[in-house]
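The next part holds the structures, each set out as structure tokens.
Across the two complexes that follow, chain A remains constant while its partner is chain B and subsequently chain C.
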Partner chain A sequence: MTAAVLELRDVTRHYGGKRQWLGRGAAIRAVDGVDLTLAAGEVLGIVGESGSGKSTLGRIAAGIEAPSSGMVTFQGQRYAPIDTAAWRRQRRRVQVVFQNPSQALDPRLTIAAQIRGVLAAHGIEALERGVDRTEAILSRVGLTGLGTRFPHQLSGGQLQRAVIARALVLSPEVIVCDEAVSALDVSVQAQILNLLKDLQAELGVAYLFISHDLGVVRHVSHRIAVMQRGRIVETGPASEVFARPQDPYTRSLIAALPAATPAARRARDAARQAA
Partner chain B sequence: MSPQFVLTKLFRAILTLFLAVTFVFVVLRMSGDPVAQMLPDDVPAAVITQYREMWGLDRPLPEQYLRYVSGILSGNLGFSFRDDRPALDVVLERVPLTLELGLTALLLTLALGLGAGTLAALKRGSGTDHVTMAFTILGHSMPNFFLGILLILLFAMTWRVLPSSGTGSVKHLIMPAVTLGTSYAATVARFTRSSLLEVLHQPFMRTARAKGVPFRRRLMSHALPNAGIPIVTVIGLRIGALIGGAVVVESVFAWPGVGQLLVNAVAFRDLAVVQTVVLLIAFTMVAVNFLVDILYGWLDPRIGSARREVSA
Partner chain C sequence: MSVITCPVTVGTDMPARPRRRRLPLVIGLCVAWLVLVLLLALGADLIAPYGYAEQSLLQRLKPPALLGGDPAFLLGTDGLGRDVLSRLIYAVRASILIAFCGTLIGSVIGTLLGFLAAHFRGWVEEAIMLLVDFQASMPFLIIALAILAFFGNSFELFLVVVGFYGWEVYARLTRGLVLQANAQGYAFAIRTLGVHPVRIYIRHVLPNILSVLVVQVTLNFPEIILLETSLSFLGLGVQPPQTSLGLMLGEGRNYIATAWWMAIPAGIAIFLTTLSVSLLGDWLRDRLDPTLQTARD
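Here is the complex of A and B:
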């Protein structure tokens, strides 16, 4: 196995528990003692139902939210405090793609302007050996010539491509994809998933791929971690987890998947009986 | 901006000015006779008639109106009864003082309003937020002549550090500008806070953070421009109100600007002067509105590009 790029050690995140008008609110443990390792060039899928803490985990892994306790290291280096210079340098290496592409972009700026803004924020030259980085990355994600458009002039799939281009332009080692295709039509989902897979194979970037959709996760992931109520209940290679789920929660998630063929449905129903 | 957009705006602007002029013309003539106002009670009727003829007030109203409107088109806004000079000259010589007061108050409004609103939004729920918002409610609720009187009592009467009235130095400017500027700053602060809070919670702000964009830049290049439209709207309305508000504040501080002139002219039935001032105020409003429309397009490119083809 290759070296770990991203490691989470005993990461916990509590919400609430703040002083209120009367007494103290109850704390919610969104993430509760999670250990995770993401290897270079690996796709690690995180599945779980709504409220299981996946997105909080994603934000912590992406470095835009600090854990209540525990630590996150990138290539052996601990995450720097948010909004420091060191933190900004680390952001260049770990990028994110969020769920709703229509809201993830500033409505006032063209697609190209937003990508150039990212480069400028990190002091990166606009040209790389005479080639415009922005144009190059837009072409790579299939948006050739659409850089002059504003976000409202693009479709959902095109927007998510733009968001991916924006994340990729910094050449990060890790991209956290938080429900990156959930807001898209099924046909567009497939296009974006294939784009993500191609980019991964081509650039060797690692994904932390968060989704509530097991079918989607199975399609892209090498390994899978199953989350329930802030904890990881099962991890393993994708094929293993699907073929021989160990945890009862994992089994129920897999049993809930729609089956594509009658044979698969019979197999699933048999598995449900057994579970 | 398309020519059609500009033409529509221009047409509306002219219509607005026309309505304002007509309304004031009619109301002024229905509400009292300037001759009776000016001359002592015991002058013979013949003298009154003579004056009325001299000023053209004996003519039928439609004729007076036509004469007035055609006068406007040729740049003649009538004569001031009181000064016996062109009304335009009487008004224009007051404009610099009102501009001085209005622009200072506007700067104060922007600095205080945008600053306090941004601070309150960023520190939402904190002591700073609560204190700022409490002050804005106070600023909202207090009529500005009352604040003016309080300031005079404190700084002019009790501590004797600032002159209570008149013009001529920066010291004279401080109290009227503060009086005029602070209440509008309160409105601007509240709008800035709520508008900014809304934008700060948009996913693209989280994206900007994930991109590693520094805080100041996230605020300046993403949050504030997106929060700008309601803020610009309210500031635009306030610029119009700054002149209206100046009427009261100029009276309280005996600031010899357009506002004070208007109050005196109304009391004196100096018809041409009142009409000219109202025309000026209406013109300012129209111009500011036009400016605000242009700013909209700059703040939100979607407004300007709405007609461009949208890809599906």
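Here is the complex of A and C:
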């Protein structure tokens, strides 16, 4: 793989623990000393149960939340302080796709208007060599001719496509997908996952793909990091992690996966017995 | 045996009419009334047959023309022999101006403070919300009485005082809605795309909360007319010989048994105007909401 595009060094994020009326509240360590590297063009999956701190980690990696301690570097540079002009310029290069697409879009503007607005905010020309960027990106994500629709006129899968289009139109180097398909039903999940995979292969974007669903993560990731209680307990190539999980937590997660065939189920149950 | 005739509809080739954008009758009437009021207010000098202070003492307390009065005075005359119709037109002008300016000042200041509170949080928010609570806990009539009694009475000051009526409701509403949008919704998502907060507020958040604010405006506007009415009634609003709807009601009160035509037209004007604004606001709120529109189409 090529050079690291995103690096996290000993990153922690504590919530609470502020000074209160009497003494201090107990801090919650959402992220607790995490080291992580994302190479350019790589898909790194992060799995873990609810509350394991994977979303917080994603927000820190995307630069939309500051860590309590530790260092995050994006292409060798630290993120500018949140809400400064420099920070807004950096946004162009790291994008986030959230879980719920209907909450991520402005209900009062058409899809195309929202994408144009983002382009305008970054001072990017609407046309690229005579081709309308907005139309081009919409057809790329499979929403040809739907730019004039309002969000409530689209289905969940189409909405997530629109959100992906809005992220991609800025040609970012990293996209943090925070449970990007969890709110969609299974058949649509597969479509969106395939779209994300195709776009990744085509554009060479790096993904930090966060999900609680191991099956989903396995489908898209090159590498996988397993998180438990704010720490990364195991990391390695996707096939490796699935074939030979080292950590007991990873093993229990894999054992909990539903099996596709009765034979697979017998094998899984046997593995459970052994574990 | 009876023959059953079956109505057969042959060829339903009626052109697909665009059914949208039709104004309901009630709303049409409301708009018509408000346009009339606005025209009266703007063209008062041209339309009114007499000046608002023009007296003819020999023609005192004449009933309306249709009820046996003088045809020169369509709605009759008041206790000083002034034409009620002319005074009504000038009163509408004064009251509309006051209500319009008052609503404008209050909504702009309140909304702005709400945005500031939600954006900056911290001590800015505390200070603004303290003001809001202070305003909400004091009966406004007492504040207005105090200010007008202390600084004397001028039309401009009166406008400003009335403008501060109800700002705290806008501030509270706006703050809550902006916080909501910032916390988990589209505003947060758009912020992470690197769009400037001011741009987000103007382009995304304001249009989204406008429907709520419009409803508040339509509640606030009649309230201000009524506030003006109360203050003028108490003698602290518009000063005679100038007139306003509230002042006309106040002056007519003494004659209500003998010369009802002095107060009733003003009362009807207040009633119709406030009702029209409320109904129009309700209708506008539904129209402004794209999610409600498709549901209806």
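FYI, the second predicted complex is superposed on the first by the 270 of 275 C-alpha atoms of A that agree within 3 Å, B and C clash if a C-alpha of one lies under 4 Å from a C-alpha of the other, contacts with A are read in each partner's own complex, and residues count from 1 in each chain.
The criterion applied here is as follows: a residue touches a chain if its C-beta (ideal position, glycine included) is under 8 Å from a C-beta of that chain, and two chains touch if they have at least 3 such contacts.
These numbers were taken from a predicted model, which means no experiment stands behind them.
When both complexes are superposed on chain A, chain B and chain C occupy overlapping space and clash. By the touch criterion defined above, A:149 reaches chain B but does not reach chain C. By the document's definition of touching, both partners, chain B and chain C, reach A:64.
By the touch criterion stated above, A:96 is placed in contact with chain B and with chain C alike.
Of the residues of chain A, those at positions 62, 64, 83, 87-92, 95-96, 98, 103-109, 117-118, 121-122, 150, 152-153, 163, 166, 170 touch chain B in one of the two structures and chain C in the other. Residues of chain A touching chain B in their complex: 62-64, 83, 87-92, 95-96, 98-100, 103-110, 117-118, 121-122, 146, 149-150, 152-155, 158, 163, 166, 170.
Contacts from chain A toward chain C in the complex involve residues 62, 64, 83, 87-92, 95-96, 98, 103-109, 117-118, 121-122, 150, 152-153, 163, 166-167, 170. Across the interface of their complex, chain A is touched by residues 202-204, 206-215, 217, 221-222, 225-226, 299-302, 305, 308, 310-312 of chain B. Residues of chain C touching chain A in their complex: 184-186, 189-197, 199, 203-204, 207-208, 290-291, 294.
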